[in-house]
Amino acid sequence: MTTDSGDRLVPEEWQRGPRYGGAYTFARCPATRDLSRADVAIIGIPMDMAVLYRPGARFGPRAIRDASGQLRPHHWDEAMMEPPYDKLRVVDYGDLDVFPGYIEQTMEHLLEQLRPVVDAGVFPLVLGGDHSSTLPVLRALAAKHGTLSLVHFDAHPDYWEGPEGRPYHHGTPFRIAVDEGLIDPSASVQVGIRGSLSESLIEKSREAGFHLITADEFARQGVASTLEAIQRIVNLPVYVSLDIDSVDPAYAPGTGTPEVAGLTSREIVDLVRGLKGLPFVGIDVVEVAPAYDSGEITALLAANLVHEFLMLLRRGR
Amino acid sequence: MTTDSGDRLVPEEWQRGPRYGGAYTFARCPATRDLSRADVAIIGIPMDMAVLYRPGARFGPRAIRDASGQLRPHHWDEAMMEPPYDKLRVVDYGDLDVFPGYIEQTMEHLLEQLRPVVDAGVFPLVLGGDHSSTLPVLRALAAKHGTLSLVHFDAHPDYWEGPEGRPYHHGTPFRIAVDEGLIDPSASVQVGIRGSLSESLIEKSREAGFHLITADEFARQGVASTLEAIQRIVNLPVYVSLDIDSVDPAYAPGTGTPEVAGLTSREIVDLVRGLKGLPFVGIDVVEVAPAYDSGEITALLAANLVHEFLMLLRRGR
Amino acid sequence: MTTDSGDRLVPEEWQRGPRYGGAYTFARCPATRDLSRADVAIIGIPMDMAVLYRPGARFGPRAIRDASGQLRPHHWDEAMMEPPYDKLRVVDYGDLDVFPGYIEQTMEHLLEQLRPVVDAGVFPLVLGGDHSSTLPVLRALAAKHGTLSLVHFDAHPDYWEGPEGRPYHHGTPFRIAVDEGLIDPSASVQVGIRGSLSESLIEKSREAGFHLITADEFARQGVASTLEAIQRIVNLPVYVSLDIDSVDPAYAPGTGTPEVAGLTSREIVDLVRGLKGLPFVGIDVVEVAPAYDSGEITALLAANLVHEFLMLLRRGR
Amino acid sequence: MTTDSGDRLVPEEWQRGPRYGGAYTFARCPATRDLSRADVAIIGIPMDMAVLYRPGARFGPRAIRDASGQLRPHHWDEAMMEPPYDKLRVVDYGDLDVFPGYIEQTMEHLLEQLRPVVDAGVFPLVLGGDHSSTLPVLRALAAKHGTLSLVHFDAHPDYWEGPEGRPYHHGTPFRIAVDEGLIDPSASVQVGIRGSLSESLIEKSREAGFHLITADEFARQGVASTLEAIQRIVNLPVYVSLDIDSVDPAYAPGTGTPEVAGLTSREIVDLVRGLKGLPFVGIDVVEVAPAYDSGEITALLAANLVHEFLMLLRRGR
Amino acid sequence: MTTDSGDRLVPEEWQRGPRYGGAYTFARCPATRDLSRADVAIIGIPMDMAVLYRPGARFGPRAIRDASGQLRPHHWDEAMMEPPYDKLRVVDYGDLDVFPGYIEQTMEHLLEQLRPVVDAGVFPLVLGGDHSSTLPVLRALAAKHGTLSLVHFDAHPDYWEGPEGRPYHHGTPFRIAVDEGLIDPSASVQVGIRGSLSESLIEKSREAGFHLITADEFARQGVASTLEAIQRIVNLPVYVSLDIDSVDPAYAPGTGTPEVAGLTSREIVDLVRGLKGLPFVGIDVVEVAPAYDSGEITALLAANLVHEFLMLLRRGR
Amino acid sequence: MTTDSGDRLVPEEWQRGPRYGGAYTFARCPATRDLSRADVAIIGIPMDMAVLYRPGARFGPRAIRDASGQLRPHHWDEAMMEPPYDKLRVVDYGDLDVFPGYIEQTMEHLLEQLRPVVDAGVFPLVLGGDHSSTLPVLRALAAKHGTLSLVHFDAHPDYWEGPEGRPYHHGTPFRIAVDEGLIDPSASVQVGIRGSLSESLIEKSREAGFHLITADEFARQGVASTLEAIQRIVNLPVYVSLDIDSVDPAYAPGTGTPEVAGLTSREIVDLVRGLKGLPFVGIDVVEVAPAYDSGEITALLAANLVHEFLMLLRRGR
């Protein structure tokens, strides 16, 4: 139900029908695994087996795609394409395969599925899934681009050390990523950290080298100062990982481990927009758990953030 | 994300991934408008502008597709296809275009969009949308097959006469269909009729010739007797229109005009299965309004009923 | 917004507008406290202070009125009134005043407010409120009609003895009513009783003289046999008290103390219809708690049951 | 159930009963269509046929009235009336009639129904309904007052051009209003505009002459500066149209086309209060869709904004 | 907050307070791991990592405990204990430890935690968790009692063969149990099986020796005939595993893989009651996923079924 | 299921299991009424009989305890205790007994139940319940400590005078407290007051001596200035009463009488933290009504605020 206009696939919206109808891909972009005609691949990782509290992020990709129906353009009189889809070939690659209950096999299998995308030079824009789904993406990207800078929006540093023999859960991906050299903490920033009893965790993350800005600090210093820090610190190819729980539960109730006193929607949108010009190699938006959402507002926020990221990627093309 | 195995497209499930992932087509059937390789086309009509009470049926097609993710098969060791998809080529044709607020233009436009499907000899299995979406399907089919028998499951006869100058709403399709000669009421059955103050409406429907079985009568006579009546009365090419409000609100809360004391899920499933052997030319399942659903049970019932219809269509192939 | 056509007020539906619009009275009946032009007064008692588990029945009257918007008739071409409103003058009397936390003062105040209705010869059809709201209605009616027969649909006998010094809660109204001689248990029937550990309670109710039919017994003997028992036993002016929790939680989740394995919507509708011909003096439908409802199905069932009661009251006029 | 104390009808609250009980009019104001005793008429337009995404705004008037039960005063010892009802005679006029699916006939019929109100010199305070319901109000008012200034709070400029032959939907009212000379864009302000791909739309609105303040700009400049602009620009009789989606989905999830990063409840309240002194001729609050609300917070916000508008209207009396 | 009256702990209800208050143990039974004073231990297994569709069963134990607050007795004047707690010492053992994502380690760890309970001669009544949580219980019990008879209520046979190298998920426990000799299929019964495309699965289960009664067959043959079959076939120590999805989604929407046309609440209650006299060694109620529940009806049904099981266990004491 | 390590009981978290499992006490603190080993007692008062609008706060204590499962610490490698539980012995005392409908008897009974806690020198941290539950706590504390300073966060001053003969409801506790000399208004602060028609109420509260900061004033002056006022004014032993409706409905929809334009979660957290160093004698968090909550965000906020209060109490130990 997409149209092939010469050398590229274009979102269905330009063709016909109400936005809420049709094939349920992200923003009605073409569903394909043909990487030869894509600049960006929207990829779902529908897993939540690594969640320590409320599960349901496996339905995150579906919820974000559903909510993305509200993204525009809609117009009647011309077939003109508008940003970002005029210059950026975005496809919906579908969801990757996961094995509930078998996280180690899942981690390997995800890496195998991601490698062809990265190898084809297609930019992965991942829809989680719980935060452990970031790890195989980092592994695939670091294998190509070397050690990365991380820009990380989250309520939690996700820098816990897993228990003996069970390294993976949704609080450990960045500890593992540092240990494996996938990211360089001294070239990385974490924004929005907060919650009960995380003092020692924050210290550990800072000891590892991360530039960590707590939600309290962010509330005092604001968007502009935070963006300055990010622009100053990241100096490697950039991976952005946006956990929707960085935002306050009022704006994003549909997530697994919400923490009060978080960012507003205005703030997260301004933070994302302010990342312009960074040398992105991969992006994810994770931890949307629609069973706890209300009126689809969490999924809608996530869909809009993906849209903002696409606008960033289009710049300069 | 579907696979083309020689001469046919097969549901994605046989390939890979969790059932809840991937492209959100009905039962993961291939999304295509290539009618040359389809026996049955699942077609959404995402409209609810003709609803007199609770709107929201425009999201019915999406909800049914989402819920259809629970349909099986899932297996790991072999690529064997199971009924109905082994012998019946089912595709998801996507949603048709509608014009909110402009029901007359919508009716015409729907007919234009449906004609190519019917002309190609592909069986339309329509996901509503409110019940007015049945009318253009009947028009397209009657143009090809002549006057039809209607098998109609509903809480309401939908045989109201519209007000002067505004013929269309979700209670008038079968009055118009009779007036236009699309269906022959004397060869048609209505099952499940009930609700406040519908005495005179029931009489009018019966006067028109319909074999009308109220929900009260159905409760007394049961499934077998009802099926005998259907098999006895219908003698023309058969169109089945299943309004989900035929079922009790306990089983199907997600609909626009629920009526208490309706059919159980067991009864509607047995009724559908009992239609075997009829000369079907078209089928719809309408009036699923997910904003009023609970735990997706209405959409899940609708998806299973579509599956049961597909099983019927596969018989004899 | 009602119309005064000579000697009577008629529901607004006959005039204009969508059913879901307008003034939110029961079935769009006229809102008035002018008893001189009413046969039946729909009266809300918005209290839940006597609930032992989930509160919220104070919003029961509002929810039933809202749901009653789905009741018909609707027609465009004539001003003809249909049953029951053609022969029965039904008004919406609004809600009575209650004092949260002060149940004894509330009980007295309710009685004072109900007396004028009963004294005017207007039939009270009460929307609860928790089940303690039945007691002042019984007191007002028994003062006029003498001891009454009770037809009682409920999951619980509501025949508990209150704790010393605190006689009122929603499980005690019929104990008090018997003690005060308002109802004659030997001329009264209770249907649908069930739930954990109620053995001794059932025995006590039976010892008091009630003809008590448990939900288990009802499941075995059915509607017809139950109705025979009711018709046989009641021999005094009849008060019907219908606790929505008599129905199974699947059909009526929106209530304070739901009990599994209850009646179906079909069964309760058939039971109410089967009461025809009894010498009714008052009716209530209680314990609708919309905060726990789903898709308004509990309120819709309650509204339809009120409608069925009105149809009963119209018979013979 | 209101009381006629001499020359005026007063809200029921002064008489008796819990705020959540009684007749469900706005803030328990008297329900009447007698315009001779009204200064302001609360009027519902229960339509959503023109919605492009999530329908349900037809239940907006009901939801706002239900939520208005939380508005005060409540007091026990005296019959004193408090603002705004002490000096402003506010009645609930009920809902107007609409024809689902027939928007052109609906537009004409709404105009016919609104004219008598405007002609009687009663101030219309309209509860939508989707945003297309603003258009007939503007037509009725401009016929009396001439071209108007618009103060417009919204996420969208609603200045789209409708498709050929289908001019009406909820994104076109102000384009039509400008074309018909009902409002003067150069004397009008739009506040809160945002969302995906609306760049060209914003430009078109500005080219038409509107003083358009995007949500981004509002976030930077704040309430006071925005109010200065409004006070500076509007110089004709003022119509205020407040689309609840001007507010962020966290504060107003119950709407048809929510957009992230919107106004807070504090901001919209302060903006409304800051309109004091303008020469109002009409006001609406539109696009409340309760099926998507959570804990009634959207409807409660809308009810409070209506209350704030009433306080504005009372000033100077 | 429980009281030690001599040699036993008794539920808190006998002491004081509203049923909805206090410590949230099952039916307010004492929370303890002191097995020396228990006959039955209510044990939660809060896992859902093995779910193939909707997760959330990890909150099943909490939801069932919360809902169990509605179980009685309540009385004010005496400290009399009523069934089942007068003769059966029931304790709430709390939840066992699980490792999200690591199902094999979890399976081992669960077995280690269950062994002491079984070894102490305490009867395990397990609250799931997904259906894979049954397996370690069977392992612990079979180690003590030898091969068991299974009485299994479910929509699915859960007799799939897991994929190579990943044996565990919530559809495989009984395949593994048969392979390990924990249960004897020829002495076991499965009731309620249904759903899309399960033909071959049903055949495989029957080939293995299970007496499998599909939901269709159950609908035809009824409760009594089914109970006769169970009483005839089971001849070993009995384990009862009750998957709440055996019940229809109308009665139990809160579960991971609902299937339409299932049992009613009346039927499942009668089936459980009809198991009286069997030589039980263990029982579970699994797959309650409260995030999909409505008005707590699924959890309430589960709590009542646990109560019915306790009544069975008390018989003969 | 708690462990007794020498002279103290420690939260279960230090031992084992997922945070969402186990006994449902606050933050998994030990459930006990043994006051000899407690510094702080978490006490639920599960009442809502005094609510004037939406009831349901009786389930507030349960909801807060459930949500507190998300509080940390969690760690695997050591048994180290973290703040506040390392130095502060916190126990969950369970819920007190209340008598629905009998508020006067309830008030007396609550006082009797609270006295032993206060007399034992244990700090009461109360989970409401509606706001009337504050009154018996104030009575118990003032009997020991003398007249108190009140720090009061709320949308309403709760300084209404009850109607003649019915003094208690959730809007009167502080009027009564002042009248009884339990609190000294001139040494007390109220923050967050707002809502329709409360002008005269605000005046009355100020006339009584309260330092009242409306939500409007707070929005202008901010956190720091407010905290300065509090630190300046309170000079007696301090009781903090935090009504969750002080927060905006976007952040706390789950409450009985929400008011728009309230505090953000960031602001209330910063306000609580800023109370450090005050001579606290008692604290409550009231009016959480989970039936109106969304995704548990209100309960989660309340649980976090309790946690913040515990951190305050730990300071200096």
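As written, the chains take the letters A, B, C, D, E and F, and residue 1 is the first residue of each chain.
The rule is short, and it goes like this: a contact is a pair of C-beta atoms (placed from the backbone, for glycine too) under 8 Å apart; a residue touches a chain by one contact, two chains touch by 3 or more.
Just so it is clear, the model here is predicted, and its values are computed rather than measured.
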{"item": "Reference chain D; chain at largest CA-centroid distance", "value": "E"}
{"item": "Label of the chain whose CA centroid is most distant from the centroid of chain C", "value": "A"}
{"item": "Fraction-based call for chain C against chain B, same above half, different below", "value": "different"}
{"item": "Chain A-chain D separation of Cα centroids, rounded to whole Å", "value": "38"}
{"item": "Distance from chain B to chain A - Cα centre to Cα centre, in angstrom", "value": "38"}
{"item": "Centroid distance [mean C-alpha coordinates] between chain E and chain D, Å", "value": "54"}
{"item": "For chain A, residues that touch 2 or more chains besides their own", "value": "18, 20, 52, 54, 58-59, 100, 163, 248, 250-251, 292, 294"}
{"item": "Chain pairs that touch, as defined at the top of this document", "value": "A-B, A-D, A-E, A-F, B-C, B-D, B-E, C-D, C-E, C-F, D-F, E-F"}
{"item": "Footprint of chain E on chain B - complex, ascending", "value": "18-20, 69-77, 82-83, 248, 250-251, 264-266, 269-270, 294-297, 300-301, 304, 307"}
{"item": "Touching residues on chain E, where the partner in the complex is chain F", "value": "1, 16-18, 20-25, 31-33, 44, 46, 58-59, 61-62, 65-66, 92, 94-98, 100"}
{"item": "Interfacial residue positions of chain F with respect to chain D in the complex", "value": "52-54, 160-164, 195-200, 215, 219, 248-250, 253-254, 257-262, 292-294"}
{"item": "Of chain A, residues touching chain E in the complex", "value": "48-52, 54-56, 58-59, 99-103, 105, 132, 163, 165-166, 168-169, 291-292"}
